[in-house]
Structures are given as C-alpha cells and as structure tokens.
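Below, each structure is written out as structure tokens.
Next come two complexes built around chain A: one with chain B, the other with chain C.
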Partner chain A sequence: MHGYAGAILRVNLSTGAVSREPLTEDLASNYIGGRGFGAHFVYREVPAGTDPLGPGNKLVVAAGPFSGVFLPSGAKTSLSAKSPATGLYGDSNIGGHLAAELKYAGYDALVIEGKAGEPSYLFIEDDRVEVRPCAKLWGMGSIKTEKALKDELGDEFQIAAIGPAGENMVVFASVNHDIGRQAGRCGMGAVMGSKNLKAIAVRGTRTVHVADMAGLRKVANEMFAVLAANPALKVWQDQGLAQVTTWSNSIGALPTRNFRQNFYENAEALSGERMRSDIHVRDKACFACPMATGKYCRARHRGETVYVEGPEYETTALIGSNCALGSIEEVAYANYMCDELGLDTISGGSAVAFTMECFERGIITKEDTGGIEARFGSLDAFVEIVKLIAARQGIGEPLSRGVRAAAEAWGGGSEDFAIQVKGLEWSGYESRGAPSMMLAYMTCDIGAHHNRAWAITHDIAVGRNIIKGKAAKVIELQHTRPLFDCLGVCRLQWVELGLPLEYYARLYPAVTGRQDSWDDLLDKSERIWNLVRAFGVRERADFGRADDQPPRRFYTEPVPDGPLAGSRITREDLDRLLDEYYDLRGWDRNGRPTAKTLERLGLRDVAAELQALGRIS
Partner chain B sequence: MKLDLDRCTGCKLCQLVCSVVSFGENNPKKAGIRVVSRLFTDARYDVVVCDQCGLCIESCPVGAISMEDGVVRIDADTCTNCGICVETCPNGAMFVHPDVDHPIKCIACGECARLCPRGVLDALAGVGKVAS
Partner chain C sequence: MRVTVEISKVLASIRPGLAERTDLDIPDGAVVSDALAAAGLEQGLWGIVLVGDRVAGATATLSPGDKITVLPPVSGG
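The block that comes next holds the complex of A and B.
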C-alpha cells in the first residue's frame, strides 16, 4: 500500500507470540496512521474497565504515511494506550528517528499486549522480531539504556527506552529516545513498565514505496526550498523552541510558581539566548528536518557534568519558571534528571511545583518530605523530589500518581492548585488571559495538553477577553493539528515557519495515491476526535462535562502581577465557552457526542454501543 | 575534501535524498552516504562518504571500478559483488544492501549538498560534475 510499510506487528509479551497483520485499506484510509491507529486499536481492543497497568492494556506505537518519506520532518511516532494518569485514552508523540526506522523495518505500527515474564526488550530488525530478556538493563536510566543498547546493536538501531520511573509505573513516566526526546505525556512509560518492557530497538532496510515519486519530489523540493529561504529559519536552528520562553513571559503566559503567576521576573536567565550562549553544544535534528530544534546541551551540578537534548520551551516553563529555578543550566540539569529517571518533564515539573507550594503553605512539612526543604528556587529540592517520585518513596508515592491524586492525599485545599485536567498535568501556557487556550486545555482529549489546539495566538489576534466565537477556532485547531500526528510528520514547519497547509494537502495523494482533499482529512480527524471522546463515555457512566474543568485557581484567583495583572476568567465565562463548544461539536451539554453526531462521522457501531449502555441519546 | 561536520545535525536528509536520486526509493540504507551519531562519545555527528581517492579501483578483481571526471564509479553489470572494494576503502564509504547486487557509493551528483540544511556537504558538490 503506497505510503505505508503495509503491516501491523502484534507482539504478545505474555505468550511470546508475534504476528504480522496486513494493514487493511479500511484502517489506512479512515484512520490514516499515528494517533489515528492508536485511537482505533485502543478503542476496539481495550474494553471498559481494563487496568491501564495490567496486561490487558495495549500499547500502540505507530508511524504515519509521511514518516520516513522524502519530505520535511516525517519523523513523528505516536504512542497510545489507556492512560494510567487519566484512566482514559492517552497518547504522546516523539520525534527523532524512530518512526522512519519502524517503516523501513516493514511496520506501520506495533501493537504490544500482555506482560513479559521477566524484564525484556523488543528487538526488531526487518523480519527478525525477538523478545529478549534484559535483566541487566532493569533499573538503568533511560539515556544509559539507550547507550547500552546502541553499543551492543549498533548506531543504526533506534531505541525507545524507559527509566526507573517507568519500571515503577509512575503514571507520568515517559518513553525516551535519541538522548532526550520524550513521549512524555499520559504515562506511556508506565504502560511499558507494567509490561516488563524496558525498551524497543528497531532497524530496517526496506523501502517505503509511494504512489507518485516524481510528484512527491516536486512538492518536497518546493517545501525544502521555501523553508531554506525563510529568514526565521536561522533563529529556530539556533535556539529551537527555547526561544518561546521570552515571548511567553512577555504576553503573560509563562507558568510561574505552580501557575500562581504567569510572569517570571527572572525569565531572562532562562531565555533561548542564554541556552545558546551558556550551555549549548550541538544542534540536533529529527529525521529529514531542516529546523533542527533539538539542542544538545551540557549541564554541571555539584561536580557532575551531564549532556542532554533540551531544555526546550515546555521543560523550561514547567521545570524552570514554574519551580522558579535560577538559570538555564539548572533547568538543563533537572531536565537530564527527569530524562534519565524517565519522567515527563511537564508533569514532573508540575508535580515538584505543586509540592513546593504545599510545602510553603505548610500543607506538608519537613517531616513529610523526609527533611527536604521543598522551596521554590531550589534545584537540590527538585532533584531529591523527582528521585522520590521515580522510586515511589515517601512523598514520592502520592506524587507518582499525579498532582490530582497527591492533592487528595494531602488535602488542605490543595486540589484548587493541583494544576491538571482529567488527571493530566497542565503544560506550558497559563491561560487566565487567553480564553481559547483555556478552552483548548479543558477540552483536550488526553487531558491538559497544549498540542491539540495551540490557540493562544488566536486570543492575541482577536482580543484576549473575548469569549464568544472562540470555541470554533479551538475545534478547527483540534482537527488540524492532530492530523500531523496521524500523518507522522512534525507540525512546526507549518506552525512556526508558516509553511502553507496546501503543501501537505498536495503531499497526501503523491504519497498514498488516495485522492482525499484536506477537508476530507479534517473529517477523518474529527472522527478520531469523537472516537477518543467515546472511549471516555464508554469507560465511565459519569464521564462528561465535569471532566472538562480547569483547577479552581484559574477562575478564583486573578493574575497577581506581570503584564496581565488583575485579569481573570469567571466561572460563567468557562460555562459559556463549554456550551458553545459542545453545541458546535454536536455533543450534548454534558459533553457527550449524540448518536446523530457519531453516525454522521461514520461511527454507527460506536453510537449503537454507547446507546446500548444507556450513555448517550 | 573537507566537510563542515561541526554543523551537522544528524538529520539524515542527505542519506534519504541519496536513495531517492540513486534508486528512486525512500530508503536511507540504499545510499552512498552515512550519518553516524557520535553524541555519546564526542557530542557530534559524523558523515561517512567517498572522497574519490581511487584506492578501490585497483582492488577490484574484475575491473568494475573506474574513474571518470574525477568521480569513481562502479559498473554494476561487471561487478560480481565480491566485497573486496568494500574491505579496501579506507573511509568505509562503500555500502552494502541486501537487495542491491553491487556496493553503493557516492557518485558526486551533489543532490545531498544541495539539500543539506546546514551546508555541511558543500565540498562534495565541488567534486566531479554537479547534476543540475
């Protein structure tokens, strides 16, 4: 099948059974790839009530039709499963060289089920697939694991590995690849750990065939030329996403001190310029990417020198300003610790900031922390806390289940400032002054993540206090942006360098031979969005509007300082945003897709299933 | 030949486009150039590619390798895929692929140099005739 490797590799770790299933035309054309494949398999094969950390959960590792193909940045792999953080469908994507290698090995996706009897890693080299015991890697950091496997297998193997946090099933454990790239969100690392799966190693020698090579070369060469001629390319090559920090601070969006503030007085010390001048060692790109936003950096702390890719914006926001660290080198060191332990830097940073706020308010004390002075600004405290989380010891035990669970354990009103939605910690944009971004976080299908609808620029463009009309933009973005995760391609070239979407629309028929227009693809993206929502509705009788709420802090505390000092969003505003959003989506006011909407999207069987359960009308 | 390796980002676009121009395929393992990560040891990338030194020409027992306009080429029809030149090359710049019946090497077409986002390979484009 054009644009695809043509096979799904299914590995049952309990039985050791390995099977190759042909990729069906139906799956490829309706769910495209990447996250679409993830949503399909997780909805169809992970029934309601499945323990996300039990053998019944399935981990889907999927590339897309653009992955590994001659075009800019076909580098994205999606990892999907039922999330241990949210109990809902979850996914996370990762750049680097994994997606391309998976396709060259002959697979569009891996579906990993069951649980290995002993610590193991999955070895894939073209047709050779083996579940190999690896007791000696268990307990090792994720970067060290990657090195050990590359030393053994060779540099051409691409590795995705978990650290101790994944082994111990911390619900925000990451899957790491290429020395510091993370599939950080939703606890995909914990799912791997629960399956005794330490790593995946892939190498492939096959060709990815496309429908129209000449047509593809024409469009791709135009895209490469347009990118190369863009004057903004240079700053992206120099600073990558680290440049966003200064901008975010200037517009009052930079999470600071556990999201109490959105302006960090010390942001200059965390800027992209400082990253470049103080700690940068090498530019580092994902597969076939001219932007090279990866910044390989060096950090020294207490006599130790470490190297890691990062910190990019999200890490700088959640670990840096949100924990009030003092320099980009401190952030880089903390970044390294999270990567090595295998913790999402977003949720990890948020968990530490939450702990620091609880400590400063006296909700927890030195007795609880085992002597750690958990104050904002302390890198030592940060390091001690993340070690406890990864090991699930002391305060690390409740924290390892996420800030929502920790707030339940510690009480004292702390749930008001446990900054999460659906159990997933909020990523790097404080949104009291950005209603569409706020709505984007509330309604993001996996929990409080920005990537589905990065709508903050829309708020700035049309007016930050306006409520009406914002839902439509959020929905448009929620269909457009995840398409990139389905296609297996990075979206930054479009988002940040303004590469027109029209190019991607032209690539699709050249790669796949299918004649879908971009609008057809958006319809498919809407179907996937609704399928993910349906997963939640099937999962829990009470799933709905209550799951789409931000923490109380955001509608009870006005912004204390910075450029947006005094601004706030009200409870009523939030309800208006949600009503408008649900109406436009064809969902009821409790946030459930109606049968009519599901049927319109070609999900008749899903509608019937949910109706039989009495969940939708 | 001096490549500007300090600027290499390891994107492998050169390897990918090489397979596209040489075989009409998306397959970086079918390329005459290799990007190697040395991040763990030296915090940098390396690019392995032929410098047209000509040492392999003599090593070939069937005379399948020759130099034309400064570019060393393998005649695929004559080549028996014995692998001797692969062993001989001091740069490790002859590559084997299970589906290709001769070693694969750079023919200095310049396409990778044209596309490299960092100008790492400009020196390559100066070798032989550069394809338009």
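The block that comes next holds the complex of A and C.
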C-alpha cells in the first residue's frame, strides 16, 4: 500500500504474543494514520470502564503516510490510549525520528496490550520483535534510559522511554524520545509504566514505497525551496518556539502565577532572544526538517550543570511565567528536571503553580509540603515539588493525579483555580480576552490543549469581545490542525512559515495514490473528531456539556493587570459559545453527537452502539 | 512614499478580506508598524516582519519602494 509500511504490529506484554496484521484499505483510507489510527484502535478495542492504568488499556504508537517520506518534516508519531489524566481518549504526538524508523521497520502502528511481568522494553529490528527484561533501567531518568539503550543497541535505534514518573504512574507522565523531545500530554508515560514498559527501541532497514515518486519529488522540492527562500526561517532556526513568549505577553495571553494574570512583568528575561544569547548550545532538527526548532541548552543551578533540549514556549509559559521564575536559565533547569523525571512540562508546571498559589493563600502549609517554602519565584521549591510528584510522596501524591484531583483533596476553594478542562491541565494561552481560544480549550477533545485549534489571532482579527461567530473558526481549525497529526507530518511549516496547505493536498495523492481532495481529508478529520467524542459518550452516562467547562477563575475574576486589565468572559458568554459550537457540529445541547451526525460521517455502527446505550438520540 | 505589504496565506485566512498584496502611500519617515496599521494589521496579528529579505522590528524606518512581508504570529505548535 503506497505511503504505508503495510502492517500493524500487535504485542501482548502479558503473554509475550506478537502478531502482524495487514494494514487494511479501510483503516488507511478512513483514518489516514497517526492519531486517526489511535482513535480507531482505542475506540474499537478499549471498552467502557477499562482502567486506564490496567492491562486492558492499549497503547497505540502510530506513524502516518507522510512519516519517513522525503518531504518537510514527516516526523510525527502519535501515542494514543485511554488517558489516566482524563479517563477519556487521549493522545500526544512527538517529533524526532521514531515514526520514520517505525515505518522502515515495516510497521505503521504498534498496538501494545497487557502488562509485562517484570520491567521490560520492546525491541524491534525489522521482523525481530522481542520483549526484553530491563530491571537495570527501572528507576533511571528518561533521557539517561535513552542514552543507555543507544549505548547498548547502537545509535541507529530510535528510542522512546519513560522516567520514574511514568513508572510510578503519575497521570501526566511523558514519553521521551530523541534526547529531549516529549509526548507530554495525557499521561502516555503512565500508560507505559502501568504496563511495566520502560522503553520502545526501533530500528528499520526497509523503505516506504510511494505512488508517484516523480510527483512527490517535485512537490517536496518546491516546498523545501520555498522554505529555504523564506528569510524568516533564520529566526526559527535561531530561537525556535521560544520566540512566542514576548508576543504572547504583549497581547495578554502569557499564563502568569497560576493563570491569575496573563502578563508577566519579567517576560523579557524568558524571551527567545535570552535563550539564544544566554544558554543556547546548538540547534537540533527532527526528521527532514529545515526549521531546526530544537534548541539544545545548558543550565547551571547550585553547582550542577545540565543540558536540555528546550525550553520552548509551552515550557517557558507553564514553568517560567506561571511559576514566576526569574530567568530562562532557571526555566531550562526546571525543564531538565521534568524531562529526566518524565513529567509533562505543561501539566507539571501547572501543578507546581497551583501548589504555590495554594501555599500563598494558606490552603496548604509547610507542614503539608514537608517544609518546602512553596512560593512563586522559587526554583528550589519547583525542583522539590516535581521530585515529590514523580515519587508520589507527600504533597506529590495528590498532585500526581493532576490539579483537579489535588483541588478535591485540598479544598479551600482551590477548585476555582485548578486550571484544567476534563482533568487535563491548560496549556500556554490564558484566554479571558480571547473567546475563540477559550472555546478551543473548552472543547479540545483531549482536555485543555492548544494544538487542536490555536485561535487567538482570530479573536484579535475579528474582535476580542465578540462571541457570535467564533465557533465556526474553532471547528475549522479542529479539523485542519489534527489532520497533520493523522498524516504524520509537522504543521509548523504551515502555521509558522506560511507554507500553503495546497502543497500538502498535492503531497497526499503523490504519496498514497489516493485521489482524496483536501476537503475529503478534512471530512475524515471530522469523523475522527466525532469518534473521539463518542468515546467519552460511551464511557460515561453523564459525559457532556459539564465536561466542556473552564475553571471558575476565568469567568469570575477579571484580569488584574497588563494590556487586558479588567477584562473577563461571562458565564453567559461561555454558554453562548458552547451552544453555537454544538449546533454547528450537529451535536445536541448537552454536547453529544446526534445519531444523524454520526451516520453522516460514516459512523453508523457507533451511532447504533450509543443509541442502544440510550446515550444519544 | 509608496511601499508594498505582502501577507502570507495563513495570515490572510485569519482575517478574510485582507489582500495578500497591498500597495500603500505612507508619509516619509514612516516605520513598519505604521505601514502595517495602514494595511489593516494591528499589533498582535503579525509575527515576523521582513523588509526586503531582512527581518525587521516594528520601529524600523521604511524607505520608498520597500517590500514588507508579514508572517502570522507564531502559534506555539
């Protein structure tokens, strides 16, 4: 099958059984790859009520048709499972070289089931697939694990590994790959830990056949040429995503002190320029990427010198301004700690900021923290708290289950400023002055994440106080941006350097031989979006509108300072946003897809299942 | 003086109706942000700005015939 390796590798860690299933035309055509494959397998094979940290959950590691192919940054791997953070479908993607290697080994996706009897790693070298014990790696940091496996197996192996947080099943544990890139969101590292799976090591020596090599080379070369001729490429190569910080601050969107503010008076110290001038060591790129947004940096703290890829924007926002740290070097050190422990820097930063606010308000005390003076601005406090989270000790135990769970444990009104949706901590854009972005976070299928629909500029363009009409843009983005995660290609060349979508539309038939138009692919992306929503509807009888609510802080507390001082969004505004959104999606006012909508999208069996359960009409 | 503002397709899609290429007459001594405002682009809507083939800040002074290329704000992925 053109553009695909042609096989799904299924590994049952409980039994050691390994099987290869042919990739079907139906799966490739209807779900494309990457996150689409993840949604398909998780919906079809993880029944309602499955413990996300039990052997019944399944981890899907999937490439897409563009992964590992000669085109700009066909580098994306999606990891999908039932999320321990949300109890719903979750996925997270990662750059680097894993997806390409997986396809060269002959697999479009791994479906990992069961639980190994002892700490193990999955070894894949083309047809040779083994579950190998690795007690000596258990307890090791995620990056150290990757290096240890590369030392043992060779640099040609691509590694995905977890740290102690994953082993201990912290619900926001990450999966590390490529010495510092993470699939951070939704706790995929905890799912690996629950399966006693420390790492996945892949090496492939095959190739991927495409439908029209000449056509592919023509389009891809045009894309590379257009990117190379863009002078802005140099800015990206210099600063990577760290350049977002000052822009975000200037428009009142930079999370500051646990999202109480959206303007950080010390943002300049966290800027991309300071990253480049103060701590940058070298640039790093994913597979076939001309942008090289990875920034390898050095950080010193209390006599220790560490090296880390990053910090990029999300890390800078959630660890830096949101915890009120004082310099980009402090952020980089905290970034390193999270990476090595195997914690998502977004949820990890949010958990620490939440703790700091609880401490400063007196909801928790030094007695609770074990003596940690958990105040905003303290890197020492940050480091001690994330160590406790990874170990699930002391205050780290409730925090290891996310800020929603910690707020339930600590009370004192902290639920109002536990900044999350569906149990997933909010990423790097404070949105009281951006209704589209607020709606994007509220309705993001995995919880409060920005990457499905980044819509702040739409708010700025059409009016930040306007509510009506915002939902349509959010939906458009929710279909377009995740399509890149299905195709297995990075979207930065499109969203950041302005590479027109037409190129990707031309790539698809050249790679796969399928004649789908871009609109056809967007229809499939909509199908996947609804399938993920259906997972939640099937999972819980009470799933719906209540799961799409932002934290109370955002509609009760006006922004205290900065360019948007005084602004806030009202409860009524939020309801209007949701009503419009549900209507446009063909969902009922409780946020559930109707049978008619699911049938329109080719999900007739899903509609029948949900109707039989009495969940939809 | 006359300058030209070109915006990327991504940016054009953010604000429908914005021309991808606009020729503007602006006062001598105008800076980048003046030209962008005249083109209908307020602060927050632009990311990297190029004058000719060089990256320029909002306060960079323009010269007659300059071509200003505007990229959308970075989106953090």
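Everything that follows uses one rule, which is that the second predicted complex is superposed on the first by the 617 of 617 C-alpha atoms of A that agree within 3 Å, B and C clash if a C-alpha of one lies under 4 Å from a C-alpha of the other, contacts with A are read in each partner's own complex, and residues count from 1 in each chain.
The rule we apply is simple: a residue touches a chain if its C-beta (ideal position, glycine included) is under 8 Å from a C-beta of that chain, and two chains touch if they have at least 3 such contacts.
Treat the numbers as computed from the prediction; the structure is a model and nothing was measured.
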A:303 in the overlay: touching chain B, chain C, both, or neither? Say first, second, both or neither.
neither
May I ask you to decide whether A:362 touches chain B, chain C, both, or neither, giving the answer as first, second, both or neither?
neither
Just chain B (first), just chain C (second), both, or neither: which does A:566 touch?
neither
Check the residue A:451 against both partner chains and state whether it touches chain B (first), chain C (second), both, or neither.
second
Kindly classify A:244 by the partners it touches after superposition: chain B alone (first), chain C alone (second), both, or neither?
second
Check whether A:614 is in contact with chain B, with chain C, with both or with neither, and answer first, second, both or neither.
neither
So in the complex, the part of chain A that touches chain C is made up of which residues?
231-232, 234-235, 241, 243-244, 247-248, 250-251, 312-314, 428-429, 450-451, 454, 456-458, 460-462, 491-492, 494-498, 500-501
Considering the complex alone, what residue numbers of chain B touch chain A?
7, 9-13, 16-17, 19-20, 23-30, 36-37, 39-40, 43-45, 97-99, 115, 117-118
Could you pull out which chain A residues touch chain B in their complex?
68-70, 97, 100, 104, 147, 150, 155-156, 179, 204-210, 213, 217, 224, 227-228, 233, 237, 281-292, 294, 296, 298, 307
Under the stated contact criterion, what part of chain C meets chain A in this complex?
8-11, 14-15, 42-45, 47-48, 50, 53-55, 69, 71-77
